[in-house]
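Chain naming follows the written order as A, B, C and D, and within any one chain the residues start at number 1.
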Amino acid sequence: MKIRYSGPVELHEPVHRCQYRVIYADTDTGGVVYYGNYLRLFEIGRTEFMRSRLRVSYRELEAQGIILPVVESYVRYKAPARYDDLLEICSSLGGYSRISIRFHHEIKCCRSGRLLVRGFTIHAATDRSGSLTRLPGGLYSGIGRLAESG
Amino acid sequence: MKIRYSGPVELHEPVHRCQYRVIYADTDTGGVVYYGNYLRLFEIGRTEFMRSRLRVSYRELEAQGIILPVVESYVRYKAPARYDDLLEICSSLGGYSRISIRFHHEIKCCRSGRLLVRGFTIHAATDRSGSLTRLPGGLYSGIGRLAESG
Amino acid sequence: MKIRYSGPVELHEPVHRCQYRVIYADTDTGGVVYYGNYLRLFEIGRTEFMRSRLRVSYRELEAQGIILPVVESYVRYKAPARYDDLLEICSSLGGYSRISIRFHHEIKCCRSGRLLVRGFTIHAATDRSGSLTRLPGGLYSGIGRLAESG
Amino acid sequence: MKIRYSGPVELHEPVHRCQYRVIYADTDTGGVVYYGNYLRLFEIGRTEFMRSRLRVSYRELEAQGIILPVVESYVRYKAPARYDDLLEICSSLGGYSRISIRFHHEIKCCRSGRLLVRGFTIHAATDRSGSLTRLPGGLYSGIGRLAESG
């Protein structure tokens, strides 16, 4: 399984964009969003990417017995998000194989357009017992079509 | 099921005490612990109360098919906890019935001894399907002995 | 300062409604939203209530030196929210004085319409040093007009 | 500033070890610790590493006007931690310069000894305005002595 870190973290078309308003709960005493909470935003981004671009609800995927646990995450923090900022979460496919998917993420400030954070998450496909398994055929071919269309 | 709010939130002996160090993740941009995060500390308190005073691991209780979901929580915030503060979580039994347990909690600053937060959580006993059920006999009698010993 | 718990937790018109999609981060190993995380949803609800109904951004209020720390919170958990559920957060004014505001909150499942959670938060008005202070005149009269209009 | 990802994520002596008990709040509906919450554990690890090995409290550092915001984080998830697991957080210095520190982290299951997670965080030194600044002389030389002693 060769799904480890390599290459730049860039967005590829199609990119899914959604918005998120920072609340107090997301921030820390440094006056900025806590560094671990961007992984929440990455989750929102990839879930909505799957729903809108791949027509797959992760909840339904789970109901079929397919889990996509995160095996690696990487975040580059360039500038902080602050309380009440409206953020744009941009997500795209970063790579894939029969047994894994990689998502790329960027988070921007809607007001200034500034890039705040970028990073990736890599997911293995497993069954409920945690054993590696192949992505369902329909999802795999959907990812392939999307990757070619970009 | 009459397990709703009533009466003062006071600790009764025996009280279980454990310590917690505030991290950045717990705080918010106001420079204090986020108000929702005290419910994490209440969870730590009641879990360790059960482990040390009732000789029950909540994990084992679950393995037996007994769940104790929270049905009510109340928190009174008197003074803020701040980053790197060492806190004392004080937990005691606040009441019980065949199908419910109530815990009382206080959180103090170890350095100053000041009371920061107090509150309660009320838990119903259910089976895995979510139906109300009786507390296991051993746990119920253990709670009874503890309540009388205080 | 008489701002302690009393009376039923009911919504009063005008009610502000907004939606929230449950993510993995919100849930726990019990398969439901963690009990402390509903206080995040209450925060979203009251912030958007203030923005849309009182024309006040809490960020701007803070910039003027007015803080509204939570002094009490209460939650009644009636049924669990689960992963990927679309929730409706309903928020209304529950009471007010020269130095405090009380918000009432209900959280419903959008699909089933079922009431999942209700509760309140009470906020004191303080200056940056934490001393009790009066609500700004404009905000106070705005709250009064809203309370009468309901 | 060359402080980007490179090389293996391995622990170097001296290693600081501390324990953490997983609570419900840390877990998700998948029955395991949520992937973003390991960054909380990394924070605990590096804070206690600094306190015990470098004799520096991060709170005091901040009081002197020195902030160490995270500029990069990486996590490799090898096996999941579960509710009530007692974890060992192992932290060591992974690199340093006049203006940055890199920490390496491993998280193990105390019961089985199994390695669950490894990763790093890279921190820039800034002043309160966010401008890059040099680490205080005492801290920098302390880090140097530690790095040579390993």
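Throughout what follows, a contact is a pair of C-beta atoms (placed from the backbone, for glycine too) under 8 Å apart; a residue touches a chain by one contact, two chains touch by 3 or more.
Just so we're clear, the structure is a prediction, and the values are computed from it rather than from any experiment.
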Of all other chains, the one whose Cα centre sits farthest from chain B: A
B-C or C-D, whichever has more C-beta pairs in contact: B-C
Distance from the mean Cα position of chain D to that of chain B, given in whole angstrom: 30
Between chain C and chain D, centroid-to-centroid distance (C-alpha), Å: 35
Centroid spacing, where centroids are CA-atom means, of chain B and chain C in whole angstrom: 24
Chain B: positions in contact with at least two other chains: 24-25, 30, 32, 36, 39-40, 43, 83
Residues of chain B touching chain A in the complex: 24-25, 27-32, 34, 36, 82-83
Of chain B, residues touching chain C in the complex: 5, 30, 32, 35-37, 39-40, 43, 67, 69-78, 80, 121, 130
Contact set on chain A toward chain C in their complex: 21, 23-25, 39-40, 43-44, 47, 57-59, 83-84
